[in-house]
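Structures incoming, each one as C-alpha cells.
Consider the two complexes below, in which subunit A is the common component and subunit B and subunit C are the respective partners.
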Partner chain A sequence: MRAQNSDMGLIVKTMARATIPLIGIFGAYVIAHGHITPGGGFQGGATIAGAGVLFLVAFGLSEAKEKINKNFYSVLEGIGGLVFLAAGMLGLGVAFFYNILWHKGPVFNGEAGTLLSAGYLSMMNLAVGLKVYTGLVSALFAIALFRRWKK
Partner chain B sequence: MKTTFGALSLVFILGVLLVVANPNYGLKFGLGEGNWEEYRYTDQYYIEHGVEEVGGTNIVTDIVFDYRGYDTLGEATVLFTSIAGAVALLRKWRGEE
Partner chain C sequence: MNVLPWLIITPLFGAFSMPVISLLGGKFREYWAVIVSGLTLGIAAKVFYTVWKSNEILVYTLGDTNPIGNGVKFPIRIIWEVDLFGALLALTVTFVSFLAILYSLEYMKHDTGLDKYYTLTLVLELGMIGVVITGDIFNFYVFLEIMSIASYALVAFRNDTWEGIEAGVKYMFVGSLASSFILLGIALLYGQYGTLTMAYLAMKIAENPTLISKVALAFLIGGLLFKSGAVPVHMWLSDAHPAAPSSISAMLSGLVIKAGGVYAIARIIFGIFNPGLHGYLKTFGMPAFNLNTLGWIIIFFACLTLVIGNAMAVVQNDMKRLFAFSSVGQIGYILLGFGIGIVAYGDKIGEIALTGAVYHIVNHAVIKGLLFFIAGAVIHQVGTKNLNELSGLARRMPFTTISFIIGATAIIGLPPLNGFASKWLIYESSAMYNPILAVVAVIGTVFSLIAYTRVLFTFLGVESEKVKMVKEPGTAMIVPMLVLVIIILVMGIFSWQISDKIMLPTAKMLEQLNGEYIMALLKFIGGG
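Right, the complex of A and B next:
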C-alpha cells in the first residue's frame, strides 16, 4: 500500500540520498569529539535525528515504516541510558560520577586534548547521543504515524 | 475581570524583573576584573582545574558530564520520560483498526 503524495519528488529524494550520510557523519563527529570541541551528545544526537527527519520527510511514511523498527529503537534508547549510568558508576568505589578512567584507568587517559582522553566522557557522549537520536526519531515517527484526522 | 487581573499581575511581575535586572539595584552584566572574582569564583575554579581534573578540553562537557553529572542524568531521564509519554499517547486507540 503506497500512500499518495507522502513522499517528495525526484530531486528532493536524490539530494536527500546525498545529504543524509553527510549529516550523519557530521553528527557522529560532533558526538565523538564532544570532550574536545564544542558540541557533545545532545547536540550531535539532535543533528543525526535531523538526518532521520529528512529521511522521513523525503522518502515518505511507507518507506520509513519498512526501515524503522519501533521496538529496536526503544531498546536502543534504553541501552543508551544504561550505558550512561554504567559509565557514571565505574568509579563507585570512590564516589558516584568519579572519573576513575581518567585518574588511573587503563584506557581513555591519554594526554588532554587527544581523542582517547577525558575518561568516561566520550563513553557518556556516545550513550547520550544514541539516546537522543533514537528518542527523537521514535517520537517523530510516532507523530508521523498519528493520522487520525484523515478519517 | 479575571483577564484584567492576570494582565495586571503580569505587568507587575515584569516591572519587578526590570528592577532586578537593573545594574544599579540588582544583577550586573559584563562582569570585569574584581567583580569576576567576587561573583564568578566557581566558574574560575572550573576554568583553572577542569582540564587537569576531568581531562576534557571542552570545559562545558567537563562540567555537564563530570562535575554535575547528576544533572545530566536527570536531563536524560526527562528526555526518556517525554519520549515515552509522547509515544504512549500517540498510539492507536483501542477501537481503531
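Right, the complex of A and C next:
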C-alpha cells in the first residue's frame, strides 16, 4: 500500500522538482514588490502555498509528513500575525497604524517607487505572506491527513 | 496616551501569540488566555469610564491624528467612534468573555486542541469589541465576519459529536448568506454615496435620500435580524447554542446576538439613518425617509420573536435548547424597545423604550451567561441535559440550584433582581405607546415563566437514579457563576440608580437628538 500516497509518476515528480522553486521565487517576488507592483501579501502567500500543494500532490502524503511540522507552521503563522501587529503599533505614539517609518523612519523611506520605500508596507506584506502561506499549507495538509473515506 | 487601540491590540496579540505560548505546554495557554482577557476587561472598563465621565463621543482615527484627508473636506481614514452605548457593550462583552474563559479552564479540560479553542475565543471577543467600537461601515463588516467565523468554528468545536457538526454547518451556511446580504447593502451604499464612514454616510444620505439607500437599509436590517436571531430566521440559533460548549453558548447567547445583531441594528438606524435628522429635513419640506415604517417592521418582528421564542421554550426537553429559545424570546424584548424607540423618536416614551432596550441587553447578557454556565455545570457533572432524566439535583448541587433559581427569577423579571427594571421600562413604554404591544410582551413573559418553572422542577423534586452520585463542580466553574450571581443581585438592588446614571445617558447618546454622532466627525472638518 506504499503507492496509495505517492501515486504520481516520474514525469510529474521531476517537473515538480523543477517548478516548485520557480513558483516559490515568483511568490516571493510578488510579496516583496507588493507596494510597487500588483499583488502583495495575500497573492504572493497563496502562490507559494500553491507550490506547497504541488509538493503535497506530487510527492504524496508520506513524504509531506516528514517535511511538514505542525508546530513549526503553527508558530510561523502566529509570528506572521505578530509582525503585522508590531508594524501597526510602530507609530502608536501618533496613532495605531501610523506609518512612522515612511514619515521619519530610519529605513524603508526611500524614494517612492523603489523597493525600500512605503514604510511599514513591505514588512506587513511579508507578514501577511508568511501567515497566508503557513495557514493555507497547514489547512490543506490537515485536510489531506484527515482519516479515511470509510471506517 | 489614548487607551482605545489597546482594546483591539490586546486580544489580537493574545490570539496571535497563542500558538507560540502553547509550545510551552502545560497550563500556560490557559493562564495566558485568562491574563489577556482580564487585561482587555480592564481596558474596556477604562474606556467605559472615560466616555461615561466626559459624556462625549470618543473618536479615534487609524493611521493619523485627523480623519480628514489633506486638502479635502471629507474623511478618508477608518475611524472608531465610541459613544456610551458602544463602550457599555464593550464592557459587557469583555466581562462575560473573561468569565467564560475562566469557566472553560475546568469545563474544557477533557477536550483536545485547546490552543485553538482559546485562540478562537479571543478572536470572537476581538470581533465583538471591533463591532461595537467601529465608526466605519466596512470595518464593521470585517469585524462582524471575524466574530461570525470564530463562532462558526466554536459551535462545531466538538467535531466528534454529530450535533456539533450539524449545528456548525447550518449556522455557517445561513450565517454566510446573512453576511453577504450585509455586504451587498454596504456595497450599494458605497456605490451611491462613495464613502464608508458611518457619520459621513449619514450626512450624505440626508442630503440625497435615494431608493438605493432604502434597498441597502433593507438588506442591512435583513442580514442583521438574522444575526440577532429574530423569529423567522432564528432556526440556526436553537441548534447552535445547544451544540456549542457551554462556555461558548454563554458568549453566543449573551454577546454575539447582541453585538452583531441588535447593537448593529441600533447603530445603523440611529447612526446612519437617523430618524431625527430625517424628521428635521421633513419639516423643511425636503426629501427624507419616514423611518416609522421601519420602526413598525422591527416591532412586528419583535412581537413575533417575543411570542414564538418564549412559546417554543415551553415545549423543549433539552435544557440548553430551552435556554436558547428563551434567548430568542429576550431578543424580542430588546427589538421591541428599539422599535418603539424609533416610532416614538424624540418623545419621552421613545427614550424610556430605548433605555429599557439598552438595559435589557446588559441584563440579558449577564443572566443568560449565568444560565448557560449552570447548564454546563449540570452537563459536566451529570452527563445529560435532558430535562426528563434530571430531577432532584438540589440536594447534590445546592449552589448550582440556588444560582439557577436566581438566574431564572431574574430572566422572568421578578422585582428584587435586575431583569425587573429593564423589562419594566419596556412594558411601561409599550403600554404608553400602544397597549396591544404591552399585552404581547406580557404574553411572552407568561410563556417564559412556564418554561423556567418546568426547569425548576428538574432541580427540585425526587432524586432520580442519574443524580445519586453527582457533586458540585470545581472552583474554576463555581467562581464565574458566583460572580454573575453577585452581579445580578447588586444590579437588582441598585437597578433604578443604574438606570438613571448609566442607561438613560446611554439611550440619550444613542438617540442623538442633536446629531452628536455626526457632530463628533464634523468637529474635525471645522478644525481642518
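Heads up, the rule we're going with is that the second predicted complex is superposed on the first by the 143 of 151 C-alpha atoms of A that agree within 3 Å, B and C clash if a C-alpha of one lies under 4 Å from a C-alpha of the other, contacts with A are read in each partner's own complex, and residues count from 1 in each chain.
One rule holds in what follows: a contact is a pair of C-beta atoms (placed from the backbone, for glycine too) under 8 Å apart; a residue touches a chain by one contact, two chains touch by 3 or more.
Everything numeric here is computed off the predicted structure, so don't read it as measured data.
After alignment on the shared subunit A, the placement of subunit B and subunit C results in a side-by-side fit free of clashes.
In the superposition on chain A, contact of A:97 is made with both subunit B and subunit C. Of the two partner chains placed by superposition, A:26 touches none, neither subunit B nor subunit C.
In the superposition on chain A, A:81 contacts both subunit B and subunit C.
An angle of 40 degrees, to the nearest 10, separates subunit B from subunit C at the C-alpha centre of subunit A in the overlay. Legend: residue contacts after superposition of the two complexes on their common chain; A:34 is shown touching subunit B, with no touch to subunit C. Comparing subunit B with subunit C, more residues of subunit A are touched by B.
Once both complexes are placed on a shared chain A, the shortest Cα to Cα gap between subunit B and subunit C comes to 5 Å.
Common to the subunit B and subunit C contact sets on subunit A are residues 74, 77, 81, 85, 96-97, 99. Those residues of subunit A lying in contact with subunit C across their complex are 71, 74-75, 77-79, 81-82, 85, 89, 92-99. Considering their complex, residues 34-38, 40, 42, 70, 74, 77, 81, 84-85, 88, 96-97, 99, 102, 108-109, 112-113, 117-121, 124-125, 128, 131-132, 135-136, 138-139, 142-143, 145-146, 148 of subunit A touch subunit B. Listing the residues of subunit C that touch subunit A in their complex gives 1, 5, 8-9, 12-13, 15-20, 23, 60-65, 115.
The touching residues of subunit B, when paired with subunit A in their complex, are 51-58, 60-62, 64-66, 69-70, 72-73, 75-77, 79-80, 82-83, 86-87, 90-91, 93, 96.
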